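Every chain is named by a letter (A, B and C) in the order it is written, and numbering of its residues begins at 1.
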């Protein structure tokens, strides 16, 4: 009997799957392989990054001649079965669950189907199989995440084998910084941390400052509750981020840089440290990847538990060793940043999109999502956000009352409904979606009636919400909207840095007002006070945290005002 | 069937109070109670504040007698700093206190009590007040108002404001006397003297006539009396034990009371000296406080006689009863006459009114003498030091009686504990006994079932309280027990009569 | 140095280039309320009372930290700004324990002055009544955080004028408080030189001299400006320009 081609088991080793028992499962698989007398050359078993459907972890994928299969929720006791399944000759090709047509108009069936049509009684793992042709997977367009789940995050050589640092090499050896920036401008890439500022423009601003040292910083503080996009990149493909940051350094003339990661991401921190050590052992970026003496040095900086340090100027203060309090802008970090030098700060996801943009061209990136309605007429390389479209892909972390919790990367402009219902499977139990919260504590909610809105910077903003960093929380019918607003306001109260009065004292008073609505003890005058104070805090706060703290209140008031009115008492408190 | 008579609120007093009378099933008066229903809580919320703030804070206990608290707090502060204040400061403080006492007594007599004397107990309650007085005898009313204003104006000239000035501080006072102020006061003394002379004349005529029964029956019972005296046993309103050089009117030094140190004196109704030369620092050794569940006002008593036998009275009548003499001519003459009417120790609480008028005379003469003292204008008015003690007691004679401020502080001067023994509080037992006595005198016994008690009789009950000129806002600061039920429950809880302001 | 012209409330103003919008407003005779700004210290833009509306900008700007540019059109007195300033002052009063009656700074308090200027006579926001303790450990001065509005003038004065950096801010958000040293009693911080710069910089009665009682504190609030200017010009005469 001829040996089948080597098979491979990919075990997700990112945080969610680890928490679901991924490590133990992998250990058991290794033991089961040994017990079955198989060699690693016959069946490779390795740790990889995020396999996307985090809510069904621990996730394991198998590759064989017939294609790939995916399982979720297995326990170590089933390791032997999985080894056997992976080893089995894939002829006939294992039928994956019934392939879906292009996105159906009606709510899709949950994955996996309760009874897999082609699952034979001889497949004891049938109920753990996940259908890779389900829209949750098939509608994704991995650009930032393209190697997540394929490579071992701790192995530089695997990353290199998949093309890591090939674009850095090309940039340093063949392209001028201006040419690199031009490609980024053509791509229409906008900051993925939430602000949506044109990335190419930001790079130009830094590069064109008066001569002198510059620095680059990757913002990995990702503090929004419900957001785990950057975490996915850092845990699954750290070299992708480092390459993007290095290319940025080349493009703006920086030779020093920092990766700032929040302390609550220990796995990401460990992987980045290891990645940087690996590069250092090979002589640094210049020597290891470009064959030139380019002296770029990147360091890791770990946060200390403050959401406000995701704000650019506060982040820089933190790197400099000070309290993480924002500074008034202007001057912007691009003009005066770390130590007074022009500093480029970009979000992790933004930087992770850079190598593919260089590899396939800015035009290629700009074409993604170009067919979607809102962006159709807009040029990619407009000068301001008002004229820019929303191009390329965006990573979203989908959570909440949704059936499929996990990470998705889709072209911008896709309707929200597609993500939430087609890919996400709608609300657990089949209940209707009530609203979708995007942008975390800075964002707003899109009510069910507006689910056809495109995932697009301008379209979302026009509804009083925002695209945000990518956190997307699905809300079912039992969510009380004042309570949701109170939850996010409580977050802002805790995370306010305390420097400016409106945020420090205003959020406290807003939370107290919202408490009355949550308790059903508000008065009509409280509604006026709530709106007036929201306007004041929004307009007068020093930084984005305070300026956007009222957003969840304003959005829920706009789309769910009757709930607030219903929470008012009939009689005034003081008769 | 038992009945309860309730007067709520009691009018023409400072503060809020309530009187209940409990009758048994046969209509006999069983018990009378004077409830104080305010709770101010200064003793608690001062904790954690720098002791230098206590003068400003405690002055705000009251709008009528802030100076009393200001001075007691400043004196306690002096002791915490362990300084002797400059002589000019001591004299200026005396000037302030004399002005304070005279204005407060003027208020009590003219605004609060005289309507009863001059318009009659049975007159229309709607007019039985200062406005009614102004309508009936405008000149007298005006004179009374101006007399009070005189005292207030002196306070403002010294301290910058009439009410809640913070001019007295630990170590002395903040600013010396301006020459123009001295002239202003001297110019208006004659009018003030004329007013009090007029009042004394009217009052004595009333005493000989319509007020005889009240003089006999309003709180007339034996009790101890307590007050400060000077080193020679004369009337004293500010300095405690060993008050130093700044005494007056009258001499300093000598072999007078308690070896020339002054201090607190307690005299019994029979004239004997129960205690003399007591130091305010030792107040806890001779005074104790009881608490009853039906009033926020504590019940101080003379420790060695127990509760409630240790009942004692403070205030104008007590000060005159304990002192040998006042020390200025006109006041001494008036004091002699008062003793002729009432005996060497006046035991009727009604005599408080007379005592107040005599004290106004003493104050005016005292002010006049002080203004002639050149040391009064010395610019050095403040001694400075850092914190040197952790605990101190300051005493002053407020218009209504002896006032103690007792502070304990931490190493940085932040208050850790405060105890205030307020003048009015020390009269609490006496006020209760007065109410009972008046009720027995003026209300028929037994009270027939179904009878309504007429308003003028209820007015007399209130007037009994008014003898003491209580300052109830001042007096309620400790955490006493919450009054559980101010309505004394009869068998069926019937209320005989009630008076409520504004229906 | 160039000159910049801009318009403030319709009136044309000329200022040297590099001047702030606050300086421009003052040149135009407009007294913008400020609390965290003190002439002589670096500005931080924290109290948000000096916000002005700039034509063409989406949000109001803090005048004390914004640089004037040619042709700017500013408004300082729109109904929205007036309303926001008033709400800001109310928030200040509601977040601390400000008892003017017994405070040493009663009558010479910048918070009081601002409250009068914006017409605040009550707060629509409920008072929070935080629990804060007095630090009276220093022999000469005391800190009462009940009166503190976290303007950080004391922090900057000590850091920039005296170079001792005794004061800084601890914790975050509504838990922020001014601390001495490493959150020690003031007397234990060896860096303190007892210069009193912080007391003179404090706009309220939070930092005061132990000698002062109710209503007597009169801090020298122009001290920071005088020092800064003198150091820059190397001239210590403050009675007028030096002789030629």
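In this section, contacts are C-beta pairs under 8 Å (C-beta built on N, C-alpha and C of every residue); 3 or more make two chains touch, one makes a residue touch a chain.
Being a predicted model, the structure only gives us computed values, none of them experimental.
Visitor: Quick one: label the inter-chain contact graph as line, ring, star, complete or other.
Guide: It is a line, because the chains touch in a row without closing up.
Visitor: When I count C-beta pairs in contact, which pair ends up with more: B-C or A-C?
Guide: Answer to which pair has more contacts is A-C.
Visitor: Quick check for you: compute each chain's CA centroid and the global CA centroid, then name the chain with the smallest gap between them.
Guide: Of the chains present, the most centrally placed is C.
Visitor: Counting only Cα atoms for the centres, state how far chain A is from chain B in Å.
Guide: Chain A and chain B have C-alpha centres separated by 76 Å.
Visitor: Centroid of chain B to centroid of chain C, CA atoms only: how many Å?
Guide: Each chain reduced to its C-alpha mean, chain B and chain C end up 47 Å apart.
Visitor: What whole-number Å value describes the gap between the mean CA coordinates of chain A and chain C?
Guide: Chain centroid spacing, chain A to chain C, equals 41 Å.
Visitor: On chain B, where are the residues touching two or more other chains?
Guide: none
Visitor: Can you list the residues of chain A that touch 2 or more other chains?
Guide: none
Visitor: Which chain C residues qualify as touching chain B in the complex?
Guide: Per the touch definition, chain C meets chain B at residues 101-102, 133-137, 139, 142, 210-211, 213-216.
Visitor: Help me check something: in the complex, which residues belonging to chain C touch chain A?
Guide: Against chain A, the touching part of chain C is residues 44-48, 51, 59-60, 62, 65-67, 80, 83-84, 87-88, 91-92, 94-95, 124-126, 128, 149-150, 168-169, 171-176.
Visitor: Would you mind writing out the residues of chain A in touch with chain C in their complex?
Guide: By the definition above, chain A touches chain C via 306, 308, 323, 328, 330, 493-502, 504-509, 512, 529, 532-533, 536, 539-542, 547.
Visitor: Can you list the residues on chain B that touch chain C in the complex?
Guide: Residues 48-50, 52-53, 55-57, 60, 164, 166, 169, 174, 384, 386, 412-414.
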